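Following are the structures in question.
Both complexes below contain subunit A, partnered by subunit B and then by subunit C.
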Partner chain A sequence: MTMTHPGLPASWGWLILAFMGLVSLWGLFRPSPATAATPALSLPRLPLLGRPLHRLTTSPWPLLTLKLAMVLLFLTIIAAGLFGTPIPERNIATVLTWNLWWAGLVFSVFFLGTAWCAICPWDTLAQWLVRRRLWRRAEPDNSLNLRVPRRLRTIWPALLMFIALTWLELGLGITVSPYATALIALLMVVLATVSLAIFERKAFCRYFCPVGRTVGCYSQLAPVELRPIDADVCARCKTLDCYHGNETVEPCPTWLVMGRLTQNSYCTSCGNCTRSCPHTNIAWRLRTPSEEALRGGRPHWDEAWFMIGLLALTGFHGITMMPFWEDWMSGLARLIGDSGRLLASFTLGLAACLALVAAVYTLLARLTHRLMGSELPFRRFFSAQAFVALPLAFAYHLAHNLNHLVRETTRLGDVFMNPLGIDAQPLSMMEKHMRHMEMLIPQDTLFAIQAALMMFGFWLAVQITRHRSRRLMPDGAPVAGWRLAPLFAFAVLMTGFHLWLLMQPMVMRM
Partner chain B sequence: MNSTHQRIVQALLLILVAVTASPLRAHHILGRPAYSLNEDSNTPPSMQVETQIGDYFVTYMVYPAFPRPNEPGRINLYATHIDSGEPYSGDVTFTVRDDSWFSSGAETLGVQPPDDNVYRQGFVFREEGDYIITARFEAGGEPYIIDFPLRIGAPAPVGPVGIAVGVIALVLLSVSLIQRKRLQRSRIRSAREEAGR
Partner chain C sequence: MPDSDFSNARRAFFRRAAHKTGEAIVRQADAHAAGRAAHWIRPPWALDELEFLLACTRCGACVEACPHGVIFALPARLGAQVAGTPALDLLHHGCHLCEDWPCAESCEPAALARPVSEGAAPPPRLPRLARAAIDTTACLAWQGPECGACAASCPVEGALCWDGEKPRIDMDRCCGCGLCREACIVDPRAVRVGSLYRREAAAGERE
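Here is the complex of A and B:
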């Protein structure tokens, strides 16, 4: 028997709808604003804490310690998945991977940007195996250092892998199989290692990793960034140690030059630049979360599609956890003569969801393009405005995952006591009820945070559309708000859909 | 307490149970195995798969959930018509085949009539491995064939680790050999260039 969590109460729903209505009206009657840069605060300049924090981020030891801890946990997950109990709620492999990491990852982006990539065990293991150094610069001969073929130098592979991961997660149900979870973990290490052994730098992180690209995409809305302390120092720099590395520190794994960096997407927070910069000019900064989305980010065609894909897939995750999803699948299966694991029906559902969101965005972006009378090629307009999808996806992803985290991680300690679940039995009805009742925070607080996230996402989406539209005009002229109505409608449609999902009872993961 | 009071209390209890149990649903993900304890948890856990084929919902349960070689087990199968909810009443044939590579041939486990709408099929497997249990029945002149996976014993943990280690070792070794050749070639080239000067 599976349990369902209650959805957001109707009162919150009405409040969010009213907020959306007011913001939309305001947006329709206001011309698009000129965007001014907002100040950022470099960590080293913080009073008292600045210096120690900067030292902590420029020393390799804290990072190495965290990497070691992550690798140990990761190896425990693989061991537990392969040798432990197949009961998912009793095995640390499934509980830690899907209940904690997969649900919590998006929150790490909310606070720390791409920090996860810096301690990612897939990459750490690959690096240790191929480079054969714990952290210092390795001999270049350890890898073939081939350039990634031009056709693959996009994030299309990452998007395809993300769709494949979603299929495995929600279609095949690897989230309830410790053994399959361990297999996926092993597969990711193999892929990262093979890529590092064949291609130059970290092609896997930059082009192929579905998790890294998701984290990278969302981190454009994060309140932290690694940037130069003084832009003039970078402008005068002749050695570009951040890009080339130095004798002891590896170069930037994703080919970034810090002096020209405007978006977080491909930064893996590895800190190589902070350690290699001869002028100690690179540091963590605190910034306004919307800064990059409003101003700095310039997504390419593939990145734009990744954002649209992300939006579709987050919504799809939500739908599959609704009690009515099974009825839909059942009806579809009957229609197409599917049976057994109903994978054909699931695949059709996934494809339809992806196609629908992409089609709606394309249609409404095309309409906005027309209404604005933009002379910009539609492809560029499509890419630039695709940023509207990011806060919508991020807000719903956070709100949805918060439900999982708050309601499904209360007995996490149990699996640490018996990680392999030796001699463990499935959850009894009593335990299921207990888990269902226990929450990390009060339910009303959870609802309030979810509602705040939905409003924040919608507001940011509207703001992104307004600010970006002006930048897309040839002379930077203001655009009348009503000309942006189709893209506002896109934000309303998606937020409305997400809100509806949040208001439904959600099936408990395990 | 008289009978009227008893009825009122019973009705109130029923309402209370209905209200508090509203977020709970007997709900398995279609087509996906789920392990569960019975209500009294004195019986061993079972593995259950709910799915559908054509006009029928099929529920398949295996006791015990983790059968081992030489240990008797049982499959329970229920089939109900999706529209009418009527249980299927014909015979069901159970066959088994080895799901490993390079295996062929299926063996009939038995043909079972319904017993209180449940089709019960016992089994004992001598060897560990992945098997496919096939249930066949006929309804409305249409044949229905549905497969369910059955794992006997624990899955081999060494295989995936071995494959992963093997692939990584092979790639690293190949890279090392290629790099060594590259180095040799560049040394020969530079030696030739020096000799040519």
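Here is the complex of A and C:
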């Protein structure tokens, strides 16, 4: 028997719809505004707590401790997956990977940006295997240090890997197989290690990793960033230790120069720059989350497609967890004569979802391009405005995963008692009902947070369209609101679709 | 017609002919030398290419004198005329424009010679070495999102200026030392450094 979680009540739905209507109307009648920089607060300048916290980020040991803990947990997961019980809800591999990590990852971005990348066990293991140093720079570094071929220096590989991961997760259903989960985890370590042994720096993190690029993309909406404390110090710096590293500290793994950094996407929070800077001029900063989306970010063609892909895939995740998804799939399978695990039908559904979102965005962006009378080549317009997809994807991703987290991690402690699930039985009907009733926070609070997230995403999408359109005009002239109507419509359509998904009951993941 | 007049006219004719031929040969040699010189960049304060080739003794003193290892001797495969003459390796290094110009100081035949002040006009403070330009299709700051690796590399005030996030080279101030190219982190580098003798150079900037 499948059990479902109740969806967002209709009253919340109406409220969000009304909010969307009001914001859209307001946007239509207001010219696009000019964007000013918002202040940011460097950690060392924070009173009282600032200095000690900053010291923690400049010492290698706290981070190393966290990495060690993560690697231990990761190895436990692999061991449990390979040798433990095949019952997914009793095996630590599936429970920790899918119920906690995969669902919670996006929340770490909401609060801490790309912090996950700093403690990622895939990269840590690769680093230890290839460099054979705990954290110090290795000389020689045991890598062939080949340049990444020019054609591969994009995030298309990461987008393809992310689509493949979605296919494995939802199509092949590796979320209910501890063994497959462990194999995928091992595969990622192998990929990271091979890439580190062949290519310069951390090409895997920058170009290939689906998780890293997703986290990086979303982190453009994070409230924290690693930046210079004093920009003038960097302007006078000739040694660029952040980029080249020094004798003990590795260089920036993703080829960043800190001095003029404006975009979080490729920063992996590794903190090498905080340690290598001879002027100790790099620190964590608190900022307005929308700063980068409205001002700093300049997505390229590949990054723009990644954002669109992210939007399509988060929506697709949602659809597959609807009770009617099974009926759709079997209907499609009958139509094309698919049988067995209906992989062909699933693949078709995935492709259709990706193509549909991309087509709708392209069409509406084209219309806006016309209405604005922009002289910019459409390709550049497409890339610059694709940012509108990011808050929409992020907000729904958070709202959807919050449902999982709040409802499906209540008995997380159980798997730690018996990680391999030795002699464990599948959940009995009573246990299922018990778990179904238990929640981390009251249901009404959950609904309120979900609604707030949807409104936040929509508001940000509208603001991004308004601010970015003005910067796309040749002389920075204001753009009349109604000329942006197609892109507002895109935000309304996507948020509406996400809202509808949230209001449906969702199949429970055990 | 008196005999002396005739001989005077003949003498003048031959003199003029020799003069014209000589002039043409020198111009030809100059153009030839300049044309070939587009392939390398001479050290600071080098004379014009033909004069430089005549003055330089291929002693290698400037190669030794350069504290940053930027000067190298041209290889023999480039021909007997230029083999062993010094050039700057600006593709890989930048000339640090040392304050005391050890390369020019070490040059005994004065093929590298700092100009002395003539009358009221002070001598130029910096030599023109090469022409540098930013390849905006490769430059990270131009292509986005940002970079700034070259920001502090320029020793000449105002030669490397910034339009917001994007760097620009002011051709009137830039002396072509190539330090910004050395700092550039893009591969291949986004700062192009070329000889002042390049054809496009001849049209515009060379006096």
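Odds and ends about this structure:
Just so it is clear, the second predicted complex is superposed on the first by the 508 of 510 C-alpha atoms of A that agree within 3 Å, B and C clash if a C-alpha of one lies under 4 Å from a C-alpha of the other, contacts with A are read in each partner's own complex, and residues count from 1 in each chain.
By our rule, contacts are C-beta pairs under 8 Å (C-beta built on N, C-alpha and C of every residue); 3 or more make two chains touch, one makes a residue touch a chain.
Everything numeric in this text was worked out from a predicted model, so none of it was measured.
Partners subunit B and subunit C, brought together by superposition on subunit A, fit side by side with no clash.
In the superposition on chain A, no contact is made by A:494 with either subunit B or subunit C.
When the two complexes are overlaid on their common chain A, residue A:147 makes contact with subunit C while staying clear of subunit B. Touched residues of subunit A were counted for both subunit B and subunit C, and B has more of them. Once the two complexes are overlaid on the shared chain, A:297 sits against subunit C while remaining clear of subunit B.
In the overlay built on the shared chain, the residue A:197 is in contact with subunit B alone; subunit C does not reach it. When both complexes are overlaid on chain A, the residue A:392 reaches neither subunit B nor subunit C. Contacts of A:263 after superposition: subunit C is touched, whereas subunit B is not reached. Superposition on the common chain places the nearest Cα atoms of subunit B and subunit C 13 Å from each other. With the contact threshold set out at the top, not one residue of subunit A is in contact with subunit B in one structure and with subunit C in the other.
For subunit A in complex with subunit B, the residues that touch the partner chain are 1-6, 78, 82-83, 86-88, 129-130, 141-144, 173, 176, 179, 182-183, 186-187, 189-190, 193-194, 197-198, 323, 326, 329-330, 333-334, 337, 339-343, 425-429, 436, 505, 507. Those residues of subunit B whose C-beta lies close enough to touch subunit A in the complex are 23-37, 39, 41, 45, 51-55, 65-66, 82, 146-147, 155, 157, 160-161, 164, 167-168, 171-172, 175, 178-179, 183. Across the complex, subunit A is touched by residues 141, 143-149, 151-153, 165, 183, 185, 187 of subunit C.
Per the touch definition, subunit A reaches subunit C in the complex via residues 147, 234-238, 240, 243, 255, 257, 259-263, 265, 296-300.
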